[in-house]
Amino acid sequence: MTKPIGLDALSRRQFFKLAGIGAAAAGIAGCSSRPARDILPYAERPPELTPGVATYYATSLVQDGHATGVIVETHEGRPTKIEGNPDHPASLGATRAIEQAAVLSLYDPQRTRAITDRGVPTSWASIERVLAEARADRGRGTQVLLEPTSSLLAGELLARIRATLPAARVTFWAPFAARASLAGHRSVFGRPLERRLALHDADVIVALDADLVGDHPFALAHARHFADRRRVVDGDSRMNRLYAIETSYSPTGILADHRFRVRPSEIGLVARELLAELAAAGKVAPELAAPRATGPRARWIAAIARDLVAAGGRSAIIAGERQPAAVHALVAGLNAALASTCVTYAPSALIEAGEASHDLGPLATALAHGEVTTLIIVGGNPSYTAPADQGLAIDRAERSLYLGAYANETAAACHYVVPGLHDLELWDVVRAADGTISPQQPMIEPLFDGHSTCELLATWLGDKPVAARERVEAAWPRLVPGTSFHQALARGAVASSATPAVPVEVAWSAVATHAATPSTAAYELELRAHPYLYDGRHANNPWLLELPDPITKLTWDNAAQVSPRTAARLGIKTGDIVALAVAGRSLEVPAIVVPGQADATFTLYCGFGRTGAEGVARGVGVSAFRLWTTALGFAAPVEVAVTDRQRTLAITQGHWELEDRDQLPSATLAELGHDPRVRSELARQRGPQPTLLGKFSQTGAQWAMSIDLTTCSGCSACVMACAAENNTPVVGREQVLNSREMHWLRLDRYVTGPDEDAPIAVEPMACQHCENAPCEYVCPVEATSHSDDGLNEMTYNRCVGTRFCSNNCPYKVRRFNWFDFKQHSGLQVLARNPDVTVRDRGVMEKCTYCVQRIRRAEIDAREAGRPFQGHDVRTACQQVCPTQAITFGSLNDATTAVTEHRTRPHDYAVLHDQGTVPRTHYLARIRNRNPELG
Amino acid sequence: MTTAAHDDVLLGRPSDHAINEQLLSTTWRPMTRGWKILFAICSAFTVLLFALITLTFMRGIGMWGNNIPNAWGFAIINFVWWIGIGHAGTFISAIMLVLEQNWRTSINRFTEGMTLFAVMQAGLFPLLHLGRPWFAYWLFPYPSVMGTWPQVRSALPWDAAAVSTYFLVSLMFWYLGMVPDLAGLRDRAPTRRRRIIYGICALGWRGSTQQWRHHKVAYMLLAGIATPLVVSVHSIVSLDFSITALPGYHSTIFPPFFVAGAIFSGFALVLTLIIPARRWFKLENVITLRHFELMAKMCMVMSWIAIYSYVVEIFLAWYSGDKFEIYQQIMYRPFGFYAWTFWTMIACNCLVPQLFWSRRMRRNLKVLWIASLLINLGMWLERFEIVVVSLSRDFLPSSWHTYMPTWVDLGILAGTFGFFGLLFLLFLRFVPFVPVAEIKQMRGELEREKVAA
Amino acid sequence: MKDKIALAAELGSGEELKRCIEILRDLGMSRFETFTPYEVEGLQELLGVPRSRLSWIVLAAALVGGGGAYFLEWWINVVSYPLDIGSRPLHSAPAFLPIMFEMAVLFGSIAALISALVLGGLPTLWHPMFEVEGFRSVTDDGFWLAVHAGDTALDRASATAALEAAGARRVVWLGAP
Amino acid sequence: MLDAPAHPRTMGALFPPWTNTAFRIALIGVALAATGVIVAPMVYARSPFATGAQQPLLQPIAFDHRHHVKDDGIDCLYCHENAQRGPYAGLPDTARCMGCHAQIWNDSVTIAPLRKSYESGAPIRWQRVHSLPDFVYFDHSIHVTRGIGCVTCHGKVDDMAAVYQVKPLSMQWCVDCHRDPAPHLRPLDQITSTTWQPTPEEMTRLAATFEPRSLTRCSTCHR
């Protein structure tokens, strides 16, 4: 095949001229049998590059200023896949779904492409003029709005700006930037400190509306540390215990051993009642022993408190970032009372710029009063995300300038638009949430005429232009003295550069300031960042839009989550449109009935209802920010009116119940240890079965997978990783409505118990690679067959599309290309993995156990003359999993984890009695129940 | 059972010449206004069919309502239904020939035509429903440059073999039986052009000793071969379902159940077609009330086999203790999302044929005709139950999803009716649809029996 | 070597035809040919035509078809490209049977059709009898009797007389006797 | 009764005697045509028209392998070095060509496009000779490093004025070798030789060295 073109050697424009050819040449054009006839060698080949062999670089992706270290796979200079960086403390080798999809955002066709002045293309020189004017009079009348950042370079520049342009005002703002905990901790400790968690030491964890494995900037590390304490080998394994107290279901709620539903306004009360119990137990001053919990809550609050007291310092109470400062103060007190060693405090990694505020209010006021001459907005999308009571009147500024990578609402509102850079295009030095210094290096030349934040700030300061790499390299010895720039680049992080914890002293008088009475409103609304779109910044990413929500399995929409009981009382069902009104602002949104939601509450995700120029995001859902006011925060009393209209929601799994079937067994740790009925029931679902069929020879590597459901939170990073690795197409809302989504891996979500708190367990379901595969013998053309290493192979180019295989698949994990779903042209085809065939219309496809990785490893081993055992093969889903719930390896190797998992008492195969002999097994969901709570 | 000496299968004892004139004249008499209107309607639907086929080929199977889990839908239902229709034709022309049921003579050509055209409709669907129909030839063994072969453990190559064999054998059987009548047209058609065309088709048939001698043996042999063939074809079609593990598909009673159902629906369609044809072509003396009585009785017998099968399916689901089968057969089909299709099916297939206990009903053509339409509907729904309802609720509730046909699905189904009708109208127009030579021979036999009596 | 037909006579029914054959046979003639609109019962026995051997041809063809199909299925699965298909044996005999059966049927049927036509002397769009005036009634209500020219006992006068006496509608002599 | 037209009374047969022969010939013709329709594509698929074999392509530079390999003794891997490192053997970059041609024949008209590429940095647009469909994942390095030589698939390129495809590159052809690669093995130092001939003892030794496996599972090439 052709040698693709070296990007490094070409200018950006040449890149675009040739990109199409490069894409075709890299084998991503699909099933057509007539390949391109041209072959274009490099004029000068970059020495580090072998065509067809992927290269990997470390860099960092940033959200609200916090870095997550990643490794980026590039093919001939084209980033195609993002993996976690095992050497980075905020990743530990994993990523979330958002990072997986970031590679598609790089190629977003609606990126800002040129510098414009009111829509008319202009040059960087005119931007320089604007900035020069903003420099005048020491920056008076100039306001800069940045996203929170930890960039060391930006920190330096901002310090210089403070010194030379003292009249200018800088604001850091993002809607979900965690500021309340800093305020709460300031009130208790006297300093705005961030909480650090050492969850591998915690025996008992109480999450108060805290999605510690989901939307926290350090969630990946939390998830890993948490899960490492839950690797159940047998009934006598030691396991931590998680209590989740929340309004709407989160991945943390899925992982929890006990989950309790409360209204948003009751969270603080629960914290206060816990403190009261601790006071009663003599852990804190007795004057804090009121108010004690009453009603049904009393029982479980007392039980949790006793569990916490028993665990002592090996316990952690965590409040969610959405909670107000007073709750954080309470929780800091709780942890102090328990003398918890698992919760420590350290200064934030984010840059503070002196008078710089993290409050949008003054800027909004200044704008409204016409006091802003030059408004510079760097990144973010405040036009869309600003609270309803702090809307930015950008048009009141004399001049406004937006630097951003996407043509969003804010870009539309500003006079000047400067294309920004994607994280994979820029040089910078940033910090992770724990302070770890993480370099950012570009994987690709900026696709468009992009400029970095630092370049903009430096130009404002009147600096001479300097190449991005030189800027970093020159500053490195100054910023991170005593470390090697090149080592840091190779590793993706500077080792041991985390900010150390500081000792704290609790001001007990500041702890219990939270009001002790919950809201009396009939209904409460909880606003949350979307698990994938976050604050809407990823709303133009079709991968994320089509990724089913972990709980509701909703795609391409947001909907007001409501509990079954409340829905029944209001007479609504899923899809009925309700009007939610907060403080006079009303929003019509479809309802979705979710077991496990607190009664009399609604939960709505932000990030939808975009109105920018982004083609995919437009018209998807409604913007919950319109109900968000700084006065009321993320939880507010809400008035509900039911309309008689409906919207059909694209939900990928409509059924919640197990329907009396045994596809997802679960047990408590105690039952696994002592209950012979449970053990024999699990044993029934594995082991040999009578069969008339013989076996083909099973020598060499025999691939198998084991998935531990105890540590699966349903976060869906694996689904996204699978899509990114295997070029699975996006099909759109209409097709999802007709159950035609193409994800090879789906996360089956079931309510596993009868009680109203609705314990949910998740079961990742992809091709099970059955030894006696029912799909194979019904294929009329040998398009699906078995390999000698135990893979159920799917040969796309042989498939004629009878779909018989899907009918006979008891797991229904096969996906069919009903239309020509693949993209033919456009920027986003560059995100494709050239090692995987892009499927044509009319062809069946399914999980391959990432056969391209297996075959690559096999070839590498044989070329090197090593025996191939496959220890180094990892599937995309396995690699990305934050909790390492997925294990993959050869059954013929006694040393692999997957072989060992087969011997555990809770190992089972789904639909074992069908005799399909699946190679994917599961470890049943084990809950470490508090005996007091049954 | 020996030849039943029922003399009311041919009324009036016309002479050989009268039979010849009456039965051949359908090919040259000017077609009635009714025929022309029907022809126009059927042509329109045929155009619709091929337009929608083109649309499906251009855009993909996604134009249909199928999804995962309902990977099969209307196309397979229609396939099974149409191929089942064909079975009654072969049953009447072949099995009843072997069983020496002389009343089949009057209607065998008619039903064979129906078989052929129904199988043609059926044959469209396996091709259409492929994701990549242009590779359909991969289902047949040929020395490929890929070195690959069909996978013959699948029921689909069996299907391909069975359906193409069935079509070819039906065609040959039909043609062989028609050669003497084509010769009749060669000798009798009013214009020279027609005589030449029919003459070429007749291959020079002249009724010589040798020709009749081999013709008779070959015809009986083909009938004998077609007898197990017709049983095998729908058995194999049923294996498309019963070799799988899917609850609702995985059933060992399918082969006989399908064959009986096929004959059931086929007899119903014969009634649907022959009642108007007999009236328009004034064939009351050749196709008599006795024929209708016998067909009504056949329907009733087949209905009871269907009832038995339904009961056995439900009983075995319960008796097996298999929770998936129990859910599918006992909970979901009668009481689930598609319950109305189940109860309509029961009404049409089990209750309607019970009318035929009454001799008055069996001889009332209006009742018969409406009943035949209802049975056809019922049998179509039976396949809907099997194909769609089973798929929409299988093992894992996470993958459950309902199926709804799109307008393209409905249009293609309607289009096949048009195409079938078009072919049938042309058949009525251009070939003698009651076998002339055989009727003459039957008249002779009837007379001899009368003399003997 | 095909014999030419010398005499052709049209009769009104199968029974008359059979009677005429007996009459002519009494006159010493033996090489008859008949042409009838449908098969006349007892005619073949009268003429002493042996049972058709077509069944054997069909059986042979069916065996070739079925056997060939099974062999092909075995060969492609076991020899040509063996693959592990859901752990099913390479030689999955039960699965090979349906196609074997269908191919036996198909080959047998094709053989039946072709042999019936070929053994019956078809296709022959032209035949000397078609030149006979009125032969077109052979597909209507005319039962034709022909005597070959090679029949040594054929005598024009006696045959004509006998046939006319037996009620022949038409007696035609072809070429010289 | 029916009002049928009177019995037409034309004389003689409907078809003249010659139609018997004509009709039979026509039948045979139809049978042959039907066979041809089935057989012709199979023949075509194996012919160079379909496989693309035996057709030299017009290249932007009249590059002559005979001259470079035979006369100058340049090894295949000097220019196609990635064959032993990655999936694509690829073509040398312009810089590699200019390594020699900066000195030799540097003003030749023939290599004008090469000089142009070197100056502009734009790649030379060669025509691809050996192309596989996109759904086939062929890896040069595993073949070259495990004893499969260039000549096995590419033929005697050192005898070609303009390179053309020698083998059909059909799946059947690939699979034939994959079933039993042993007879195609050669020592690693003879990988690029076009003249090396094995001895039987050597073949046995090679088979023991490389332990070639029969790789006919689908995912060997299709992923």
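Here the chain labels run A, B, C and D in written order, and each chain numbers its own residues starting at 1.
By definition in this document, contacts are C-beta pairs under 8 Å (C-beta built on N, C-alpha and C of every residue); 3 or more make two chains touch, one makes a residue touch a chain.
Treat the numbers as computed from the prediction; the structure is a model and nothing was measured.
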Chain centroid nearest the full-protein CA centroid: A
Chain whose average C-alpha position is farthest from chain C's own: A
Chain pair with more C-beta contacts, A-D versus B-C: B-C
Between chain C and chain B, distance of the C-alpha-averaged centres to the nearest whole Å: 30
Between chain B and chain D, centroid-to-centroid distance (C-alpha), Å: 50
Interchain centroid distance [CA atoms averaged], chain A/chain B, Å: 57
Chain B residues counted as touching two or more neighbouring chains: 146-151, 153, 155, 157, 186, 199-200, 204
Chain C, residues touching no fewer than two other chains: 81, 83, 85-86, 88, 95, 123-127, 130, 136
Numbers and ranges of chain A residues touching at least 2 other chains: 774, 777, 779, 782, 785-788, 798
In the complex with chain B, residue positions of chain C that touch it: 14, 32-39, 41, 43-44, 47, 49, 52, 54-55, 58, 62, 72-73, 76-77, 80-81, 85-86, 88, 92, 95-96, 98-99, 101-103, 105-106, 108-110, 112-113, 115-117, 119-127, 129-130, 135-141
Parts of chain B lying in touch with chain D, wherever the complex brings them together: 18, 21-22, 25, 29, 142-148, 186, 190, 192, 195-196, 199-200, 204
Residues of chain D defined as touching chain C within the complex: 7, 11-20, 23-24, 27, 175, 216-217
Residues on chain A engaged by chain C in the complex (per definition of touch): 693-696, 770-777, 779, 782, 785-788, 917
Sites on chain A touched by chain B in the complex: 653-655, 657-661, 663, 735, 738-740, 746, 748-750, 763, 765, 774, 777-782, 798-804, 806-808, 810-812, 814-820, 840-844, 910-911, 914, 916
